[in-house]
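For reference, the structure discussed in these notes is given below.
We just call them A, B, C, D, E and F in the order they show up, numbering each chain from 1.
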Amino acid sequence: MNGNFEIALQLLGIGMLTVFLILFLVVFLGNIIIRFVNRFIPPVETKTSRTNVVQPAISTGKMAAIVAAVQAVTEGKGKVVNV
Amino acid sequence: MDILKQLYEMTAFGDLIANPGPLLMLAIAGVLLYLGIKKQYEPLLLVPIAFGVLLANLPGGQMGVVPGDLIDLGDHRYMNLFEIAHEYGIMNYLYYALIKTGLLPPIIFMGVGALTDFGPMLRNLRLSLFGAAAQLGIFTVLLVAIAVGFTPNEAGSLAIIGGADGPTAIYTTIKLAPHLLGPIAIAAYSYMALVPVIIPLIVRLTCSEKELKINMKEMDKLYPPKHKIKNLKAVKIAFPIVLGIVISFFVPSSVPLLGMLLFGNLVKEIGATTLRLSEAASGPIMNAATIFLGLTVGATMTSEVFLDAKTIGIIVGGFVAFAISVSGGIGAVKIYNLIAKKKINPLIGATGLSAVPMASRVANEIALKYDSKNHVLQYCMASNISGVIGSAVAAGVLISFLG
Amino acid sequence: MDILKQLYEMTAFGDLIANPGPLLMLAIAGVLLYLGIKKQYEPLLLVPIAFGVLLANLPGGQMGVVPGDLIDLGDHRYMNLFEIAHEYGIMNYLYYALIKTGLLPPIIFMGVGALTDFGPMLRNLRLSLFGAAAQLGIFTVLLVAIAVGFTPNEAGSLAIIGGADGPTAIYTTIKLAPHLLGPIAIAAYSYMALVPVIIPLIVRLTCSEKELKINMKEMDKLYPPKHKIKNLKAVKIAFPIVLGIVISFFVPSSVPLLGMLLFGNLVKEIGATTLRLSEAASGPIMNAATIFLGLTVGATMTSEVFLDAKTIGIIVGGFVAFAISVSGGIGAVKIYNLIAKKKINPLIGATGLSAVPMASRVANEIALKYDSKNHVLQYCMASNISGVIGSAVAAGVLISFLG
Amino acid sequence: MNGNFEIALQLLGIGMLTVFLILFLVVFLGNIIIRFVNRFIPPVETKTSRTNVVQPAISTGKMAAIVAAVQAVTEGKGKVVNV
Amino acid sequence: MDILKQLYEMTAFGDLIANPGPLLMLAIAGVLLYLGIKKQYEPLLLVPIAFGVLLANLPGGQMGVVPGDLIDLGDHRYMNLFEIAHEYGIMNYLYYALIKTGLLPPIIFMGVGALTDFGPMLRNLRLSLFGAAAQLGIFTVLLVAIAVGFTPNEAGSLAIIGGADGPTAIYTTIKLAPHLLGPIAIAAYSYMALVPVIIPLIVRLTCSEKELKINMKEMDKLYPPKHKIKNLKAVKIAFPIVLGIVISFFVPSSVPLLGMLLFGNLVKEIGATTLRLSEAASGPIMNAATIFLGLTVGATMTSEVFLDAKTIGIIVGGFVAFAISVSGGIGAVKIYNLIAKKKINPLIGATGLSAVPMASRVANEIALKYDSKNHVLQYCMASNISGVIGSAVAAGVLISFLG
Amino acid sequence: MNGNFEIALQLLGIGMLTVFLILFLVVFLGNIIIRFVNRFIPPVETKTSRTNVVQPAISTGKMAAIVAAVQAVTEGKGKVVNV
């Protein structure tokens, strides 16, 4: 019991330290990646944006508009699988 | 007469009179179904879990998960999966093949990764540190739980509820205290569903109106960030790769969870050429995994497991862990604001516990209540997502030291 | 010369000369493919089954399922799945992992549940009693089969063909007489495909024109039902939950099948919040299960299994069971009509054997032939769906008493 | 053989009894659910009907119309995944 | 201090200093990711493989595949899958359940079949013979590899790279030399991705401009084919069935691969009635199989496996096999053209090695460069698809003689 | 080693022979199937072509057109799942 409590105290220290260490590294390496990419990998203009079209990122507003359109056509029974 | 007697023996009534515990479990299944269906508390998990509880708790149906020692043949040998299916039925087969092996939580994390956008975090990298502070509840409750008599392994599983992340809680419990899987999973998902209640409660207790009105966009204008991201796509591709390496170095035991999350994220960010993979990971694979995870976790909830003093401890301890995690995140912001000129809204600390994306939405609503122009959603998402990483790292530490 | 000899030894010709049985099996595979592709007899199952027969019946391909006693190590121990794959190839691996464990039929039932609408049954609850009467063929043929020399377990597997439900027949046979799986599954699916022939035949033999002209809608107007359903969605959500509990109480051994069916139905009826789950259950999960079920069930059809007097018994007995089940449903309606004022069209009894929804469509066409305004489809669906429950319950009884 | 026949006779009785019992309970409990719901859970008007929109319940007639429309656009090669 | 020491022990640094091999493997993972993401070399496989390499190569993560002798208990007994998961983690569980059993390559072939159109091959049946000639690289390199000291089993696995077909190479290696799975799979997919470089290189070395200008359509006009296909749908349905039987007769050991390919193709060609099955086979099932195949194959690439002289042999031998296969196809066309009046463009021989459909596209581009009206794509597809059958047959021969 | 080399030589012979044999049979049986079908299974005109509609065979040109149409509606963020 006493020994267990000691383990728990140690874990409180080690655990919070590790979590902070990792997320500090995330911040640090994230910044390095950003600076590296800014420097060496310029954005490819139109080409990449076209492949991005395939990605499922759509604003809720637009989603609603499309859903509304589909509903209008299918009289409220249609379903938008993926837009 | 003879026929009626035989008919009676086929039914489950005889067993129920000898042991009425299952009836209570059915009532609990009913409550969970009510919460999942009517209250829409995490229905994707709570409905399958509740149905698993329902199926498991009638004797004779062979749908309840049997304790691990029935599988253990001693001398590091275990019954094989075919024997488990043959002896204990399909629910035990699914449980021992998919859950006890630790397979499904990483599989679900792969799908979560394929649905996660690290963009908000990358645009506000510094805020992700609050995703570390908000793991405080985990380690504090660990201490308390050991103090009140839980074994270290059980205490670790209980504490990880404070990570506010379902697959992480389940994975940790499988590794440390599988006999508590049912109550811990249910507590984790229930409190995650209660985030719209818990966060406002803690915020009201700890933050002043002035703090909650801190406008992050104004701050960004006053103190603009050093580097703007010019090629977001490239950064988003490099990020999961680098992060995967770093985490493997420092916390190898969190690799099954975080490695799969980052893999799912990578194939999503690559885009069109690996679209088949990211769609499979976030679609059929994750959905199938969710169904079987839910049903089998529910099926571990037999009355012997649930009707135990530890269940009370889990319910209370889980809530305390949530509350401390939220407070930890808020506290860290307050300390930061003491030193830094560029102030941060404490709501961004509150969302560090994870429960993505509900915590961020709740925090955003609170901010808007105090100032209808103060949109903090994107900033909250930064600490919110980093909180997932934070709790998976915490899980790795617990597994590595206690497992 | 030496090369040619070695080449010959690699081929399957040597084996074929010693034992020409496989050639007959290839012919049978050809017939099944013809029925599935050209005649469109249950193609989703018969095509994979036929291809499984084809793959299994050439020596050396390691694609035929080996008998269970090769897996049995005695003393309640069995070869593990890895050893099965290593020793007997992937088809045995799939068979022993997915079929012999009893996994896939409940998985398919989950998908069936997610595609089933209990609405017609709930609107005409009383009609579901005829789904009980139409299980008569099962227990009658059981009696006959035992009388002509089948063992009780074999007889039970044969008899369940009369339940007119594929997964139920397969599940029961796995539990009672796995060595007959191939012929029984094929007979079950073939007769289900022959429902458009069998039902009209029995109806012509047993029903008068006057009976077939009974118009259910007119009857509903004359004697309107007591309670109208005001909130169908809520009823549909509550129904699978309550039914799941009741069935678990009374027939625990049918829980793997019916429990999964009702779970699939529940996540479908909940709607948008669990849509991911119901789509996964009725889509990729069920389709993948169908492929592997079909291939492996077909692969059990080696010539030794098929070229047995019992196969004839299964073919004849299966047909008799179908015929008696249909007659049983019709007979129950006739008895009911003797007593009740509100008459029922005997076609609703005929559809009680299940084979959803084809039986209902066939019955509807018969009704329309006698009276072009007499649409009985919705009423037939009530007994049709309850017939699925009925035969799963019957399966539970058989497994519980004979297994 | 004789004993087996006796088992079969018993099973005929027990089996049909059980099947009738269960389906009788289905009728009974189904009615109870309907009455309970009618009494205590009134239908939520527009709200539920909107969530119902997502449900894949569509008349065959409408389905045919949509398929026809899609075919018209895609010149007979389009496919309606889910409506 | 004590805490820092314990923290250090949790990390992987200690192991890395003792054995820096993993760092090299991380660099290799980086190169593979670069090739897959930026150069778009077979990204669907190379990205998961690379991420598997990355996850596997940090000690403590339990994500590296352990050698088969750790699973072997002697006396034809092996650890069961549950024990493997319990002892060695989820990556070994997936590897031993899905790869070592030989399951996933046939599953992927089923999906490939459901995406393959045998139409071009059926319209130009005679061209499929060049898919036989282009397997020359396999057996030539086998000879060379044995000469330089590879064991026959290792040599067979190395040689099958010359089949230019990923699942075939992986399946053969699993059966013959699983310890080389990582390097062989990576070499196979890399060279397949390099087909746009390799084919033009060999063509330039072996073909004259006059040969490359042979116009197949003109030849068809001069010497029209004997039988026109009147009912393509029926032919396409019959073809996989008949082919399945023939291959089972002659090369039973290629049935797991080709049988599943032909099954997938059959359910696709049947059309609407089995659409659910073909969509499942080519969609979720194949995508999920691809993810797990890639990750686990990558995870076999530990530094001990890779840092071996044999890896060099595989890299060099794989390239030689590709080159000889292409040359073999071209050579066969040249010999044919010596005899026949109806000349064939040697590019159709070059595409016989498979690597569908990239080889055909590359060949078409070469043809168009010499004559902008000479479209050879459809003709190339004939030998290209038959090359898949050819290398699966070759794999069957190797497995049957060496396995 | 010497024995191994002999095995390899044999395999070169057996292997290439088998591969040619099988693909020769493919040609032979393919032709038989074509002639058999031409003779005994005449093409079913409109009926089969309608079921074919469901098949996912679409020219890249048409695909591009549909994608363009969807993009127009969804402002470049829509996604064509299956046409």
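The criterion applied here is as follows: a contact is a pair of C-beta atoms (placed from the backbone, for glycine too) under 8 Å apart; a residue touches a chain by one contact, two chains touch by 3 or more.
Just so we're clear, the structure is a prediction, and the values are computed from it rather than from any experiment.
Each step here moves to a touching chain, and the least such steps from chain B to chain E number 1.
Of all chains, the one whose CA centroid is most distant from that of chain D is E. Relative to chain A, the most remote chain by averaged C-alpha coordinates is C.
In the contact between chain B and chain C, the residue numbers used by both copies make up under half of all numbers at that interface. Centroid to centroid, with C-alpha atoms defining each point, chain C and chain E lie 39 Å apart. Look at where the CA atoms of chain B average out and do the same for chain F: the two points lie 45 Å apart. Inter-chain spacing, taken between the CA centroids of chain A and chain B, is 17 Å. Residue positions of chain F touching 2 or more other chains: 14, 18, 54-55, 81.
Residue positions 6, 10, 80-81, 250-251, 283-284, 397, 401 of chain B are each in touch with at least two other chains.
Taken together, the chain C residues at the contact with chain B in this complex read 71, 76-81, 84, 96-97, 100-103, 106, 110, 237, 241, 244-245, 248-253, 255-256, 259, 263, 266-267, 270, 273-274, 276-277, 279-281, 283-285, 397, 400-401. Residues 117, 121-122, 125-126, 128-129, 131-133, 135-136, 138-140, 142-143, 146-147, 149, 151-152, 155, 227-235, 238-239, 242-243, 246-247, 250-251, 271-272, 275, 386, 389-390, 393-394, 396-398, 401-402 of chain C touch chain D in their complex. Taken together, the chain C residues at the contact with chain E in this complex read 6, 10-13, 16, 26, 30, 33, 37, 40, 43-44, 47-48, 51, 54-55, 58-63, 80-83, 85-87, 89-91, 93-94, 283-284, 287-288, 290-291, 295.
If you check the complex, the residues on chain D that touch chain C are 1, 4-5, 7-9, 11-12, 14-16, 18-27, 29-31, 33-38, 41-43, 48, 51-52, 54-55, 57.
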